[in-house]
Structure formats: structure tokens, C-alpha cells
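Per-chain residue numbering starts at 1, and chain names A, B, C, D, E and F are given in the order in which the chains are listed.
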Amino acid sequence: MGYEMRSTLTARKMTANATLGLAHRPDEFRAFFAYHDALMLKEGGLSKGEREMIVVATSAANSCHYCVVAHGALVRVYEKKPLLADQVAINYRKADISPRQRAMLDFAMKVALLSAEIEESDFAALHEHGFTDEDAWDITAIASFFGMSNRIANATGMRPNDEFYLMGRVPKPPRG
Amino acid sequence: MGYEMRSTLTARKMTANATLGLAHRPDEFRAFFAYHDALMLKEGGLSKGEREMIVVATSAANSCHYCVVAHGALVRVYEKKPLLADQVAINYRKADISPRQRAMLDFAMKVALLSAEIEESDFAALHEHGFTDEDAWDITAIASFFGMSNRIANATGMRPNDEFYLMGRVPKPPRG
Amino acid sequence: MGYEMRSTLTARKMTANATLGLAHRPDEFRAFFAYHDALMLKEGGLSKGEREMIVVATSAANSCHYCVVAHGALVRVYEKKPLLADQVAINYRKADISPRQRAMLDFAMKVALLSAEIEESDFAALHEHGFTDEDAWDITAIASFFGMSNRIANATGMRPNDEFYLMGRVPKPPRG
Amino acid sequence: MGYEMRSTLTARKMTANATLGLAHRPDEFRAFFAYHDALMLKEGGLSKGEREMIVVATSAANSCHYCVVAHGALVRVYEKKPLLADQVAINYRKADISPRQRAMLDFAMKVALLSAEIEESDFAALHEHGFTDEDAWDITAIASFFGMSNRIANATGMRPNDEFYLMGRVPKPPRG
Amino acid sequence: MGYEMRSTLTARKMTANATLGLAHRPDEFRAFFAYHDALMLKEGGLSKGEREMIVVATSAANSCHYCVVAHGALVRVYEKKPLLADQVAINYRKADISPRQRAMLDFAMKVALLSAEIEESDFAALHEHGFTDEDAWDITAIASFFGMSNRIANATGMRPNDEFYLMGRVPKPPRG
Amino acid sequence: MGYEMRSTLTARKMTANATLGLAHRPDEFRAFFAYHDALMLKEGGLSKGEREMIVVATSAANSCHYCVVAHGALVRVYEKKPLLADQVAINYRKADISPRQRAMLDFAMKVALLSAEIEESDFAALHEHGFTDEDAWDITAIASFFGMSNRIANATGMRPNDEFYLMGRVPKPPRG
């Protein structure tokens, strides 16, 4: 949950459960969200929606209930494609994404699942699609940060807010 | 690298390579070390050496060159056991650790490798050895944070300082 | 897609894409749906919603885009729980299900992923929750049949109808 | 067991145990064998022996006692090569098969084990050996159907008839 | 191939291909067969047939064409059970073996596949079935020795003699 | 432990624990060390240090406490590179080795982990770096022999002598 999204949630009188989960550890809370915002809210070669796609694909690989649902909502909101998040979560190879985004997710999945085997050829595959070294760092850092987030959420049983499941699926979400 | 260790390194005119690796991203750098210090330097139910054992065991599972070597040095320094870090890295089940530490590392390894399958019985196994819920959070957070650190270090090819390989192995390490 | 569901779809002027995908092989088509209906539409110890939960959990383990989305819709429709399908797909261990349903899905997942290791103790775990031998056969056959379906859909790139993504998520789904 | 084989068995006064195993579920029984016959007995680009090789290779990957033994017999009978079935079961890469058959089994094994990762390049590898799209469907459907069969046989402990172990190994099998 | 079996083969004018494969390295050849004979031909708590079952089960797990076929022949010859070797190779959990032999193979498979996780409880499971510490050493050493043999045979493409496929399957094997 | 190393140890009044572990089985002991010496002490295309690198990389993959520590010492002693053994053990892809040594270890790791999938292309990759067929046999045999050694050491809980941890790390190792 970045600043922007937290504003959106605030407007809807929601607090993301992740916020509550970490709240009893203020130092960790501050560091977690500072890191999160540094990766997810800055300008750069990856769009906000693309960053969230990385989160959804890798979080699904880690079977993280919280992150797939919450960040799936963000994929839908940022990309304005109501089907995309489910596609990326189930099998990103079959999702309606560009070849560039496919290369991005291939790299992100290798960071999530086989980081010790990343080599020059993996970076070369990114460069072929126009990604810079800074973009490669972003993909790496996002997949790594949410690998941390997935593990914390899995172990602590963090649950997504009910609102996230439907967010971005219909033109005007029903107000409760 | 926490504050204390960084002081030690400073005294030796060393800068941990991890510090240099992250330096070109100041916001991420600050958040990374703030999070690191919140987890590794605070008081709590786990000793500093035990926290570093978690780092070494899980980083070895992730084949992270940087973290196994750098944090292996810290295990040796904090625990004053020159053989322990190698034992924990290669196969923690055979290491000279207490049953309590074995339970701690079993839990940490499940966080690192199979976090989606963590259930109440895993926490119960910790409680049997006197770990509190706050300790369980610490183990979770440390294994998760260094899971992130391992992936970043692996993908970016971060290398440990040469000094770390020998640190804590001999009574008085040779000065360069 | 069983008869009942096909009626629903007909009422909405939809034809499930799975129907189209198999249509060029009439003998396989007839046998596939005869088998499907024999497993999914009959009376028995498992409710229709529970059968569909088996499909969703095992299809997610097989990363089957078609089956997770299409049968996720059926879980929502039959169980009238709009969040349940996503929970079961991402990590059934964290889903809002009964202990009996958890035992059912544990068995189904072992059929899907490790069938050679199924032993008496696995059946005993089912019996403890009141499942009969006929129920165990049903769970086995459903997980096995959709293991087939998943592989065909994955290899042929079968895609779910767009309508399935939203079905059962809101009280009155929008009509196209 | 297709019609032809069932005739052979009938002539020998044998009933394949698979027939007995499914007999208490007449609807499933009929659908299973209708599907089986649609895949295994029709004319097409794959010989009967080649279809059975697919069954043996993928069933061995699934450790299915029934299918490896029963369909191993069929490989020997159809191909008239008494050593081939064991070779395909143990490690198809070392079997005495043509490069075309190797490509067929590579594809079949990917369907059995990693279907979510099948992509255009896998089909291209088949086409290089002269397989058509219909042949690719056949390979897919056979590997998928027997993936179902393997799981049912494994979970229910289905055992092959003793006669299958020796069938096709010697010029004239001993009559009991 | 131990001394006794080599005598049998000599009587049939056969030389096991494994003998030929190693022959160009006389020192390795001598050490290999000295080790082999020390493990497979000595007296002890395991029968010759049981030792060969260990070879077949673990060699199948390693997909070793040579060892499964050649030592499958020995299982049939020693145990006088023509179906047993195939059962053990495909899925030892479904084989017609005693609970004691099942425990023996469970331990052997853990040596072959997960030796780093062997702990006291694994030895205790053996002791419950009357195995001594010397028997446990035998099981360990046989599974380990053939793990070596499997890897050499796999990498060098060693092929079993044609005669092994049929040996022990019929009361009087046909003479060529 | 080969002859040469045993001399070194003798000079230091050490007996490698592996020697003690096997001593109660004299026939196995003699065969083990005869095989060991045939592989590790002979002249050939691989240097002694390279052979020990193979041992360390594959033993780390098998999580063998004894072999990683004892043969890590030998890598340091033979190669006179105090950091190399740890690098090879943790992730040989990141170690300071030549492209030729990388190809050697890639092949050795495939022997250790996936020997059934070794094909001509794997040998071709070795030949590209100037390795002969005899060298390929050496790599295969060493990775296979220590795969055996790893399993025996893991199951029997063999522990390395304390001296091995430090050997080769400092110019003049401290005498006890």
C-alpha cells in the first residue's frame, strides 16, 4: 500500500489490513512502508501497474493470500483491465500482456524462485526489451521486497480486506 | 550490517559491500538499514548470535554468497564459536546447537522455503521451547527480510568483503 | 461445465469456451462431458460447491487459467460466498472453509500432486471427518478428471469466457 | 484397454483389472472407456504403439503401478520389441526410439509434468518432426487422460493383472 | 554384479555390460567391484534379494536404465518372484513386500533422495522392525553405492545386456 | 582423503574422521579408499584442486557437513586461494573460477542432481573448453563417488575434524 493507495483507502474509510498487522512494531512498520514507497511510488521505467503485476505474479508463486488479493486490486485499478490480475496470478505466461511485460515477469519470477541462478543472460533478455539497468534493479527489488512481504503475511496469517476482492472489477464498485 | 557491526567495521576501516551496493538508491538504502537494525539490533528473546544463525541458515538455502559469508562472520563473532557458521550453512540439522535453536531454525527454514504451509502446529513447536509470539514474529521477520536481501544480493552479484571469510575464525585476526 | 451450468449459460446466451475447444473432436467431446457430468452433477456426500472447490484448488496447483476462472465462478455461485474461490485458489489452507472441507482438499491435493504416495492413513484422515469410501472415490475422481482437464486446457491455451471472472462476485451481475 | 485389446484379453479369458475397478460406477465406467477408445483406437498420425509409449513414459513419471505394467505389455505387443517398454518406463531418453518419437515423448512429458509452461516453441519442436496440430492434440490428450487414469489407479490401489508383466516378452507366452 | 552372479553369467557366456564399461580404468574397476562385493555378497541381516530390492528402488528413483534392468533380474532370481522387480521399480509402496521390507526401502529412499534430513527417528523406524545398526549401515551403504553406480551409468549411457530383461520372469528362460 | 593428504595429516598427528568412520568395515574401508585414490590422486586433465572443487560443489548440493568442510580445506590447500572453497560451496556460479572450471562444475552438478538427463550436448559443452572424454569420465566418477560419500556421511552423522575448518585460510595455520 503506497501513499496514493492509502489516500484512496482513506477516502473510502478503509485501512489496509497490512497496515494493522505491522502496527505493533512501529520501527518495522515505518521501515517497511518507507521501503515499499521507495519502490512502488517513485517515477521510473516501470509503470505503477507493471510494478503491481510483478507483485501479483511473484506473490501467487509464494501462495500469499494477502498480497495476491490486495495487489490484484491495484493491478486492476492502475491498468484498468478487470481480468488482468487473475490472469497474472494463475499463470502469467497466458496473461494478456506485452512481450516486454512477459520478459519483465520472467525475470521477476527468477528472482522470486531461483535467484542464485540469475546470470548475465537474464539481464540481456531484459535489455532486449528496452529495460535499463535501473529497471532491472527495480524488478529485482520489487520481487525481493514482496518475497519478504509474502513470507510475513503467510506466517502471520494476514488477510486482505474484503473490499480488495472486488475493487477494479466493475465500473462503479458498490458502496457498503 | 547493523550499527554495532558497522562501528566494528569502521574501526577496521572497512565498509561492508552491501552498504556500497545499495548506496546509489538513498531511499532504499535508508529503509533497508532501518529495517535491518529494527530486526537485528533490538533487545528481545533471541540473542544477536541466534538472529545471525537464522540469517546464515536461510541464506544458505537461498545460495546467497554475500549473506552466508558476511553473516557467517557475525555468527562466529557473536557466538564465539569458530566452527558454528559453517555447520549452520551446510546443514543446520547437524550443527552444534541446542534443541531450542534447532526449533528456531526449523521454523525459520519453513518461513524461507514453504511459508504458505505454516500453520498453528509450527507455532506450537516454537512455544514448546519457550519462544513467545513476539519471538515467533522476530524469527519470521528475520527469515523474510534476509530472503529479500538474498534475492537482491544474488541478482546484483553482491560480493562479501574478503575480510569476512576469516573473521572470528582465529583468536586475533590478521590485520591487513 | 455440467448440464445445469450449461443451462445457466444458455439462459445468458453464453457457451463455455471449453465446449468450443473440444467441439472439433466429437467423440472426445461426448466422453469428456459424460464423464464430467457423472462426477459433478450426481447426488452424493459432497455438495456441488465442495466439488467445485476441489476443482479450483487442484487447478490452481496446476496453474490452469481456464479452470481456475471458470470453476471459481461456480464456487461463488454454488456456495454464495463471493470471496471463497480466490481464497481456495491462492492458498486453500487459509480459506474460510470447515475442517471437513480442509481434509477434503488435503486429500484432493495429494491426488493432484503426489498420488503415488497415497496410503491408508490418507483415507483414515477422510473417514475421521465422516467421508465414506464413495466420497473418497468422488474426491479422487474429480481431482483426477480436472488434472486431465487442466493439462488439455494448458497445452491448448484454452481461455475462460470473460463473464466468468465476475460471476458470483456481486449480487446482480451486469448483463452484457 | 481399448476394444481391440479387450478382444485379445477376452480371447485369453482375461478381464483387465481396470475394468473391474471402475465397474461399480457405470456412468464413469462408460465415459472412461468411451474417452479411452476415442484416443487410443482411432486412426491418426500416431501409431498404436506410439500412443502406448506415451502412456508408459508419463505413467512412469507418475509412478503408476497399474498403467506402467498394463500399457507396457501393449507397447511390447504393438511394437514387437520386447525391451522397449522397460526402457521407456525407466528413462525414455535412453530408449531405442527414433528422434521423432523422442520429440513426441518430450512433449508428452511436459504435458504430464509442466503443462502450464507449454508454449509455441514446444509445438514448433513437434512440427519439426512432421507432427501436425492434430497429432499434438493427440499427444496432449493421451498424456492428460492417462494422467487422470494414473491418479485414480494410484489412489485406489489398482493392480495390474499378473499376465501383463510377461505379455510380449517372449515369442509364445506360456499358457497357464 | 557380484562374484556369484558373475559365475552365473559366465556359465551363460555373458559378461555384464557394467564390467565392460569400467574395464578401461583398471584401478577403478577393481575398487568398484571390491566395494560391490563387500556390500552385496557378504552374510548379514539382509537377504541377497532384499539388497537387490534396495538397488532397484533407488535406481528407479534415479532413472538408471542399466541398474533397474540388471538388478531387477537379480531381484527375480534371488526372490523367485517374477513380478516383484517391476513393482519395486515403479512404486515400492505398492509392491508385494513385508512391512519390514517396506521400512527398509523407506530408509533406503531417504538415503537416496534426502540424506541430509536423516535423523534418529529414521533409525528408530528401522529398529522397530528388528533391523540392527549394522543392517542400517548396510542399507545406507547399498543405497549410496548404487547412487554412485546410477550416476556413472546414466552419464556414460551404460546399457544392460538384453538377457537381463527376461531373466527370472519364466521358469526356464529361452537359450539364444 | 588421499595418500598425499593422509601424509599431511599424519605429519600433523591427525586422522581424518572419515577414516575412523569406515574402519569397522575393513573390506569397505579398503575399497572406498582404493576407489578414492584412483580418482583423486592420479595424473590427468584435471588438477588436484579442480577435483576437490567438484567435491565441494556437489557435496554442498547434497548438504554434506563432512565433505564440504574436509574437502573445502583441500581446495584451499591445493589452490592456495583461501576464499575459493566457501564460494564454490555456497554458489559455484559466483565463484572466482575460470570459464573452463565453470563448465566442469556445471557438468558435475548435473551428474549429482539430474544424471538421467545428461545427453550429448552436455559432453559437447565440456569439449568446447578442451576437456577430453577421459576428463568427462573423471568429472562423472568424482561427482558420483562423492555422491556416495555424502550419503554415507549424512546418514551416519560423520563429522569433520575441527582442524579442517581453518586449514588453508591463513598463511601459517596455528599448531595445537
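Operating definition for what follows: contacts are C-beta pairs under 8 Å (C-beta built on N, C-alpha and C of every residue); 3 or more make two chains touch, one makes a residue touch a chain.
Quick caveat: nothing in here was measured; it's all calculated off a predicted structure.
Looking at chain B and chain F, the chains in contact with each of them are A, E. Put simply, the chain farthest from chain F by mean CA position is C. More than half of the residue-numbered contact pairs at B-F reappear in one of the options E-F, A-C or A-F, namely A-C.
On a Cα centroid basis, the chain most remote from chain A in this structure is E. Centre-to-centre, using mean CA coordinates, chain B is 50 Å away from chain D. Chain D and chain F have centres, each the mean of its CA atoms, that are 43 Å apart. Centre-to-centre, using mean CA coordinates, chain D is 28 Å away from chain E.
For chain F, the set of residues touching two or more other chains reads 63-64, 91, 116, 154.
Taken together, the chains touch in the following pairs: A-B, A-C, A-D, A-F, B-C, B-E, B-F, C-D, C-E, D-E, D-F, E-F.
On the chain B side of its complex with chain F, the touching residues are 60, 63-65, 68-69, 82-83, 86-87, 89-91, 94, 154, 157, 159, 162, 165-166, 169-170, 174.
By the touch criterion given at the top, residues 116-117, 119 of chain C touch chain E in their complex. Residues 25, 27-28, 30-32, 34-35, 37-39, 42, 62-64, 111-112, 115-116, 118, 136-137, 140-141, 143-145, 147-152, 154-156 of chain B are the ones that touch chain A when the two sit in their complex. Residues of chain C touching chain B in their complex: 91, 93.
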